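In what follows, chain A forms one complex with chain B and a second complex with chain C.
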Partner chain A sequence: MRQKSRRTWSRHRSALLLTAAGIAVVLLAALSTFIGVSDVSPLSILEGGPDGKAAQLLVVSRLPRTLALVLTGIAMSIVGLIMQMLVRNKFVEPSTTGTAESAALGLLVVTIFAPTLPLFGKMVVAAVFALAGTGLFLLILRRIPVRSIVLVPLVGIMLGGVIGAVTTFFAYRLDLLQTLGTWMTGDFSGILRGRYELLWLALGMTVIAWIAADRFTVVGLGQEFTTNLGLHYGRVLALGLTIVSVVTAIVIVTAGVIPFLGLIVPNIVSIARGDNVRRSIPWVAMLGAGFVLVCDIIGRVLRFPYEIPLGIVVGVIGSVLFLYLLLRRPSRAH
Partner chain B sequence: MPTDTLAPSRTDTVLAYTRRPGVRLWILAVLAAASVVVFLTVGITGSWDFAVPFRARKVYAMVLVAFAIGVSTVLFQTITDNRILTPSIMGFDSLYLLIQTLVVFVFGASALATADEQVKWVVEVAVMVAFSTLLFRWIFAGAKRSIYLLVLVGIVFGTLFRSLSSMMQRMLDPASFAVLSDASFASFNAVDVELMLLAAIAILLVSLVGIRMMRVFDVIGLGESHAIGLGVNHRRVVTVMLVLIAVLVSVSTALVGPITFFGLIVSNLAYTLLGSSRHALVLPATVLLGVICLVGGQFILEHVFALDTALSVVIEFAGGILFLVLLLKRGVR
Partner chain C sequence: MTHARTRIFSLGILALSGALALSGCASAPAEPAPTKAAATEIDVEHVQGTTEVPLNPETVITFDMASLDTLDALGVKVDGLPQQNVPEYLSEYAGEEYLNAGTLFEPDYEAVNAAEPDLIIVANRSAAAYEELSKIAPTIDLTLDWENYLPSFRTNVETLGEIFEKQDEATTALEEIDGKIEEAKEQATDAGTGLIVMTNAGEITAYGSGSRFGWLHDELGLTPAIDDVDAATHGDPVSPEFILETNPDWLLVIDRDAAIGESGSTARQVLDNEVIAGTTAWQNDQVLYLDSVPFYVVMSGLGAVNQMVDQITDGLK
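The block that comes next holds the complex of A and B.
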């Protein structure tokens, strides 16, 4: 009886905390919306001004940008979590498995052969390349005799480096290095209405991921185990990889690579709240959105009125956090 | 009795002869010289008075870089007793870029425009030596860590340094940004002449120290406990080696920007070709192989594939694959 009430209390407390986190994210989003060169404040929108310029700016530029940030934060963090379940390794995410670099290679191929393809088509091609790259990573992984926990991301990063070199080679030959640069650094300064809507699709994918979370956990335990539990191993793995690849492709098409995001957020949640995947998913989503918003605000305030791309800010903060996770004393890395 | 089959045939003698490391070193030297001569002279259509000095400057830069990267990699591998590690995989040349940015950031581009290029370089190298030695001591100190963890930490450090540099570069005014952004992509075409002179002096000094310590390096390669047992002051020698590495990394990065895998390729080729780990043999072999790869590779790219300066990208590709193979095949050692 007592234990039961304690359990309901802890569930209440957890719901309360989650609500508080949600409010914090909303506040951060509001803050992020109202930072900028032109004066867009709640007051100026109410006043309307001569031609409602502030309101227009809000709808065309500021709100889409904030929405894009929140959606990206949620989607990339959950994708990282899925990868970590599938590969059973805490240090993988699209930028440490060659997925992001493969998607960029796909984008380069589209840009060379079918530059007029609509955004959705570009996304599909990038996703197919991302899928192939991740598949290659898994194939290499299967052939590694020693499975040290840090060897897995290391192999992924090197694979990404090789794919990246191929991409750079062709981009260099065709004078597309600058374009490549915009894909490889996440930057939200160009987001306008009509340029971010694919990210809603990414959100849809992460909802599917949420529903299928338990299956991914099972698949992470191995092919035999999965089959014994009556699940189709290949099908679940394919679903997981497809979600990962499509979301990565969408984010790169829209904004560019955001390094280590999907690695940092799930790890912090797992340190703070343990490893129950289904229960940690809302936390991962909240923290992912919050983390991206904070980094974006830093990037916009640090050199006002100019801004530093999000990918660079996350690169600095993310790599420091990653180093902390790697070098933390009770490291399971051996 | 077929005695003649027991007697070594002429080809056998030749083969046995080429198996001697000293002879292989000479073969490498001849090949390196040949690739330099070919690079300088083949395919000149216009005036030789213009073309040869123009190309000679490129060769000069490539030789400096081959020396700096080759020697720093071999010394680093001796210290760490591991043949997959190189200073650049551990993020050292990103660190130099960061320090370069930091110097511009702290003193301002205008102060640097009036200051001497050489003074600036010396300041940068001094900071680099101090900082990289500290960082290296910290990463490798204490508990024995897995080699995979070390490499991963190095790669992430590299990402951190590069992100920090680009963050600071974004915070500079556009003029200083333009000065700096050239340094981030390796190229043998736009090498500063004054820097090359300075780099040559630095390399000369490093060589003087290095030649005197060649045998001590061999002892260090046996591992810390053996080296101490044999009466070598391990800590002091390693510190000297780290300083040499820091200077060499600064030289190569200042000249052509970061190149991740070049050192890995040439050093491993050298070990395999010579079958020896004596520094008196390996160090020159690595440098010669470096010259052959850079000068010969550039020649082939320019004349066979009609490409210009994409050599660093090709190195990155081949080196990345080699690294993966080494990693998967044996990892440690």
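The block that comes next holds the complex of A and C.
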């Protein structure tokens, strides 16, 4: 009896906390919406009316940017979580497995051979490359006998380095280094209505991931185990990899690489809320959105009216947190 | 500065007289270095020091497109250059009879060494290679000073004029440009405010006084649309809203994607959006797309400055 009431209480508390976190994210989103170079505030919108400049900017520029940030935060964090489940290692995410670098290589190939391809086509090519790169990472992992916690992300970072070097070489020879630079640093300064909508597709993929979350956990336990439970190992693995690759490609095509996001968010959630994936997914989504919003606000405010790209802010904060997680207590990671 | 220039000049005169005395040798190109006397060399002061350079050097390799441009205008042919980014109007230098000396940033040291040059010119993009290159041959660094764009450009033209004994041509060319600059100044000063931006892979960066395009403000007198001009010297990322808020009368656009021959997202596409449509510049059709070849690739040089100044005069009408 007592056991049961305690569990109910804990569930209540958890729901309450999640609601509070949700409110915090909404407040951050509101703050993000009203920070910018032009005067857009609830007051100026009321004064100007629905056709005023402020209201128009809100629809054309502010809401799209805030939405893009929230969608990216949710999608990249959950994609990180999926990778961690598939590989069974807490230090992987698209930017530590060669996925992001492969997507950028794909984008470079499109830029060289078919620069006029529409955005969706570019995304598809980048996603195919990302898929190939991630697959290669998994193949290499399978051939490595010692799979220590730190070795797995190191292999990924090395693979990313090799792919990145190839990309840099061609970008260098073809004078596309600066273009490559804009892909490799996530930047939301150019986001407007009509230039972020692919991210809704990323959210769609993320929802699929949410539904299939348990299966990814099972696949992480190995082929035999998965088959014993009556699941098709190959299919679930392919689904996971596709989601990871497509989401990474979409984010790179729209804004650029946001490093470490998919790594630190799931890890912080795991430290705070434990490892029950189904229960931690809403937290990962919430924290991901909140973290991206905070970093973008910092990037917009520090050098106002100029901007520091989001990728740089996340990179700085993220690499410090990444090191902290690495050095903290290795035993916590599985 | 003037002190240095007089020194170069007097040395130039000295060298010139020496060269005249040895004109017999000079006209026989088959017999180069050994017979040259000390007087056929001049000391050239440049950004990274002073270098003894043979007067009227025979084999010249330039990593600086501006110097290539100036020398071509002065009637001097160089022998080697990075052939990848040769602008259309200098396209003959992309031909096989010229040595491909690497890229704008990274020399092909072996090729340079094999060519046994008498003079190597580096500048902004290749300045880091100065040390290595000066081991191969006399090297001068003609890096342009963005904050003193026109004086710096002038000094470089004069220096090249002295080295190649084309002082008269250089003076005439500079005088001609001076006239054009006066015209451009009048146009720019009366044009209203202006904002210089560059687009690259869909991103917009803004440039102000003291930046690589800052001379349009500092020396041609175009009123900057941003009050806080100092902040925008290095091309900071800005949002379309930033452009709406600074609301310039003129928007001057450098399309980097076009500069490197990428036809994907050109500046027009990037800027054609609902936010920028609200600016005075867009509504009055006062968006000036600057030719990225002189503005971004060559950056200075007799031909390029002529083109740039013409474009400002015509564009801001």
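In this text, the second predicted complex is superposed on the first by the 325 of 334 C-alpha atoms of A that agree within 3 Å, B and C clash if a C-alpha of one lies under 4 Å from a C-alpha of the other, contacts with A are read in each partner's own complex, and residues count from 1 in each chain.
The working rule: a residue touches a chain if its C-beta (ideal position, glycine included) is under 8 Å from a C-beta of that chain, and two chains touch if they have at least 3 such contacts.
Since the structure is predicted, the reported quantities are computational estimates derived from the model, not experimental observations.
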Checklist entry - Which term applies to chain B and chain C once both are placed on chain A by superposition, clash or fit? => result clash
Checklist entry - Which partner does A:Leu231 contact after superposing on A: first (chain B), second (chain C), both, neither? => result neither
Checklist entry - Thinking of the overlay built on chain A, is A:Val124 touched by chain B (first), by chain C (second), by both, or by neither? => result neither
Item to check | Comparison of chain B and chain C by chain A residues contacted | outcome: B
Checklist entry - Touch check for A:Lys53: first (chain B), second (chain C), both, or neither? => result second
Checklist entry - Counting only touches as set out at the top, which of chain B and chain C does A:Leu136 meet: first, second, both, neither? => result neither
Checklist entry - After lining up the shared chain so the two structures overlap, which partner does A:Thr168 touch, if you call chain B first and chain C second: first, second, both or neither? => result first
Checklist entry - Does the superposition put A:Ala212 against chain B (first), chain C (second), both, or neither? => result neither
Checklist entry - First (chain B), second (chain C), both or neither: which does A:Ala24 touch? => result neither
Checklist entry - Just chain B (first), just chain C (second), both, or neither: which does A:Leu63 touch? => result neither
Checklist entry - Where does A:Pro305 make contact in the superposed view: on chain B (first), on chain C (second), on both, or on neither? => result second
Checklist entry - Of the stretches 9-17, 27-35, 45-53 or 153-161, which one in chain B hits chain C? => result 45-53
Next on the checklist: Identify the residues of chain A that lie in both the chain B contact region and the chain C contact region.
Outcome noted: 172, 303, 306, 308-309
Checklist entry - Mind pulling up the chain C residues that touch chain A in the complex? => result 84-85, 103, 200-204, 206, 231-232, 236-242, 244-245, 256-257, 260, 262-264, 270, 273-275, 278
Item to check | Residue ranges of chain A in contact with chain B within the complex | outcome: 91, 140, 143-144, 146, 148, 150-151, 153-155, 157-159, 161-162, 165-166, 168-169, 172-173, 185, 259-260, 302-303, 306, 308-309, 312-313, 315-316, 319-320, 322-323, 326-327, 331, 333-334
Item to check | Residue ranges of chain A touching chain C (in the complex, touch as defined) | outcome: 36-38, 53, 56-57, 60-61, 111, 115-116, 172, 174-176, 178-179, 182-183, 187, 189-190, 192-195, 303, 305-309
Checklist entry - In the complex of these two chains, what residues of chain B are touching chain A? => result 146, 148-149, 151-153, 155-157, 159-160, 162-164, 166-167, 170-171, 260, 307, 310, 313-314, 316-317, 320-321, 323-324, 327-328, 331
